[in-house]
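Everything on this sheet refers to the single structure shown next.
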Amino acid sequence: MPIMVLSFQPVLELIAEEIRGLGDRGRPADYIPALAAGDPHRFGMAVAELDGTVYGVGDWQQPFSAQSVTKVYTLALALAHEGELLWEHVGREPSGNPFNSLVQLEYENGIPRNPFINAGALVVTDRLHRLTGDASGALRDFLRAESGNADLDFDRDVAASETAHGDRNAALAHFMASYGNISTPVPTLLREYFRQCSVETSCADLAVATGFLARHGIRADGSRLLTRSQAKQVNAVMLTCGTYDAAGDFAYRVGLPGKSGVGGAIIAVVPGRCTLCVWSPGLDARGNSVAGVTALDRFTTLTGLSVF
Amino acid sequence: MPIMVLSFQPVLELIAEEIRGLGDRGRPADYIPALAAGDPHRFGMAVAELDGTVYGVGDWQQPFSAQSVTKVYTLALALAHEGELLWEHVGREPSGNPFNSLVQLEYENGIPRNPFINAGALVVTDRLHRLTGDASGALRDFLRAESGNADLDFDRDVAASETAHGDRNAALAHFMASYGNISTPVPTLLREYFRQCSVETSCADLAVATGFLARHGIRADGSRLLTRSQAKQVNAVMLTCGTYDAAGDFAYRVGLPGKSGVGGAIIAVVPGRCTLCVWSPGLDARGNSVAGVTALDRFTTLTGLSVF
Amino acid sequence: MPIMVLSFQPVLELIAEEIRGLGDRGRPADYIPALAAGDPHRFGMAVAELDGTVYGVGDWQQPFSAQSVTKVYTLALALAHEGELLWEHVGREPSGNPFNSLVQLEYENGIPRNPFINAGALVVTDRLHRLTGDASGALRDFLRAESGNADLDFDRDVAASETAHGDRNAALAHFMASYGNISTPVPTLLREYFRQCSVETSCADLAVATGFLARHGIRADGSRLLTRSQAKQVNAVMLTCGTYDAAGDFAYRVGLPGKSGVGGAIIAVVPGRCTLCVWSPGLDARGNSVAGVTALDRFTTLTGLSVF
Amino acid sequence: MPIMVLSFQPVLELIAEEIRGLGDRGRPADYIPALAAGDPHRFGMAVAELDGTVYGVGDWQQPFSAQSVTKVYTLALALAHEGELLWEHVGREPSGNPFNSLVQLEYENGIPRNPFINAGALVVTDRLHRLTGDASGALRDFLRAESGNADLDFDRDVAASETAHGDRNAALAHFMASYGNISTPVPTLLREYFRQCSVETSCADLAVATGFLARHGIRADGSRLLTRSQAKQVNAVMLTCGTYDAAGDFAYRVGLPGKSGVGGAIIAVVPGRCTLCVWSPGLDARGNSVAGVTALDRFTTLTGLSVF
């Protein structure tokens, strides 16, 4: 029988204690130097309640590179601006293939499977940039407002490093442009995309900033970003597509909408209840934080707060 | 704001009224004569509460061919018998490809992506048959006990028709056997598999029989079939893989664990609250009942009972 | 400058001498016991002139399992019986994938890429069996007549062993049957197919029996099997598709139409001049005899008898 | 029985007459305006003997855009400069997929299947540019010298048009760069590549300029470009990979090493005997000139000059 939770703090302490005993913690992403230096023994976790009350443990205030976790916020912003039309440019089905795959993109005429594979995130950034004229700025402003951290910003070194190793994303962007599914010039699009990935933030910031998805679309200041239906939809896409080709396994083990990044962060949502962010840089073969997934698994088991 | 539900009956009536005005209802499956005769204007829907109280509308007591919906019960039975070892033989990731695809099976050495594509269901049937000696009998007995309908049975004509058109499933079974992932002789396995698909049942029966998944694993008689964790896992696999290659779209629109069959039925689970079965024989291009998905979409919108 | 050849005997002696010094000779096929016992140090080679004069070296009279080399003769017989209509059931393009691949078969609606991948050979056998009522008998009679060896026959143990390990070919046959591209009952088709593969023969037999392809379609007894155009076509298909997914490399190195088998044999044709058969059981990663390809490479280099 | 040829002129006249009666001639390539204007009723054909004597019919002196036909000369030049090491960067197997496919490139770690698909030609251009510092200049100089036409040059409008529609080739180049298989900066590489494709030439020029492949590697001035073995290899790659995914069919029908371009030209080689160039802008679904393939088919049938 799951325990009844009065405060999340003891649960986080218990999980952190268990994680200390965890054996294999995976390896940090190594495709850019800034990430390769990550220490798999670092671990932080935060839970934010609907009103913004936040609980944390370990390195929960330690800054890290948000990477693909930002795809959730960019999606929410693009959906808020463009509505249903967005789905003419990007699908919402699991990809069933590793996250950089070009195969399905070719079979499906340049329409990426979902907004959380790189190709899909490039399309979402393209739409947001077209609508706002400043996709990365819109993301930064949103995260500052929702997290309450006015110092949150891009990490220029990380963005520069991504750009220097950006041939694969350039290939994706040119490929989709050849199908007419990109409207921003490719070099501009890549600059915006890599900036977004480079956001430096913390578990505390992200747990709080994700609150709008637990509040069915309501922002921190009480205004509405997404309709109730749109918020549900973003959560659904996170559950089915948020953890690369391990989405099924994540749903099976954790049972929450979640989104991971190669920096080692994972955010998760308990609709109507709370939001979480966990961070540990060691990744498994599919690009998800080993300690992060384990911690979320323990959280839902201990609290019974799975959507299933 | 979703309405507060005292009884499900008025909601069902409202949905049935809306469905009457639905334009394109798709086409019945045409690969066997028994299904091709289905009338897309037939529609039934039932909701069962945790205690077995059942509400229905339209053709909710009309018998139909359960087809792939039975894959959920076979999975639950195999999981109850074999536990975690089952996952050495079948994965739990979305396939990202149409439901008969051999491609991934080849790239992944004969281990099907999940229990709900045909290849995966053949493997689950193989495991269950190995463990019980009578896979189809175990399924029938279970469905009779859970639904309370002692007359529930296979439709021999449908099973014979499936067998006569069974080359593709025979190909899948032999292919997996070539990788050592099938232990039952292929002709026996196919007989068991086609029998399961041929179960004749109704919305009323299936809504009630699925209750164990809303009750976190507890059967109708109060005994436990699955652990709480296993019940959660089955629900997760339904959500990410239950509707062929439209699982993302189903999660996005409906937001519930669900499983469809080419007979036109779809079952769905609101964990801790209720179970549903809807039936209408007209299918969309991806094999899911058009009116069925629409009805479930309306149900979650009207009641707010999505998992997201 | 290539040497001028008066007799092929000294060339064969020279090649055999070089092969004796060859290091890595690959490994015998191991999917059935009868082949796994093959010794990679065995080596035989024969050349037959248009008039049937035959030269040989090493184990050129040693019986071995012809395996896929027989696909050439089955194709020629089916083409002689059915003419151009045959190509409605099987293509003549390189597959670009390993020889058992189901992937392209799925994308191309059950029409195999070419007659020399297993799926294609099953289709050709199906056509020949439909037209003659005895596909394997037709093949045996043809090989006896063309080689002049009246004792040439199937190896029942090999055929039985193939059948016992035949799940993958059963999958292919059922899969094509599901597209309506197989008319013989699958068990009968498999029996015929495995019998053909099991033909026991020698370099001497096969070099002589292949003569009709160097004589532009004329059989050993002077009658015509294929039109000049059809003989050219069979040679073309051998060159582009005869050595699994190494056809490009074989054309590049050897420059002759050729067909290999997992028993270690390779036949090759110098149109208008002579035919060859080489045998050595050690295979490379793509299923072609290592010493066999090397010997043919040397032959064309020493004699200048490439088609290029 | 094929006719004995004293002069090629009457054969060409006969073929031109037959082509005049040809019904469906396909459609010109339409991805750039410069090609879309091509008239499928234009037709030219030229044959060059080993000594440079050239025969022609129809529009055999009409300038057209050489396009992918130039890939043969670039390959020959790169092979002459780099030798066998070239094959570490590009394969020599048929692709089995349409000519722009990214799929195999992904499965095979950025090494293109052969030098005649776009990805492979980009790699060959990259190698040649690295070795000469001026890949397009090296090609132009070579074609001028071999054809004897000092005015032969690039068409700037065509090159500009290719660049403006170059997203797919940019995607290919960046994708291979992400695997480390491109050393030239992508924008430079694309400029060189599109220049090569834009060469304006004629059947007369190309038939003569291809002579080195019929002369086993010897250039027009008697010097050696390729070893006898290398010339054989280029011919082999043309036969197995020269006509996109119709190479098998081209070998079957024509039976000569050949290379086509979307401008409507096809070159072909009868080793030791002559070279051909045919041109007609109407293409079939696989990108090869309809009248061109038909004309070559007739040529080999009438003269018996197939390699098979």
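Which chain is which? They are A, B, C and D, in the order written, and residues in each are numbered from 1.
Operating definition for what follows: a residue touches a chain if its C-beta (ideal position, glycine included) is under 8 Å from a C-beta of that chain, and two chains touch if they have at least 3 such contacts.
All values reported here derive from a predicted model rather than from experimental measurement.
Listed by label, the chains that touch chain A and also chain B number zero.
Most remote from chain D, judged by the distance between CA-atom centroids, is B. The centroid of the Cα atoms in chain B and the matching centroid in chain C are 48 Å apart.
Between the CA-based centres of chain C and chain D the separation comes to 31 Å, rounded to the whole angstrom. The geometric centre of chain A is 55 Å away from that of chain C, both derived from CA atoms.
Chain pairs that touch one another, listed by label: A-B, A-D, B-C, C-D. Partner chain C is touched in their complex by these residues of chain B: 101-103, 105-106, 167-168, 170-175, 177-178, 186.
Those residues of chain A that touch chain B in the complex are listed here as 91-97, 104, 113-114, 229, 231-233, 235-237, 239-241, 245-249, 251-252, 255, 257, 271, 301, 306-308.
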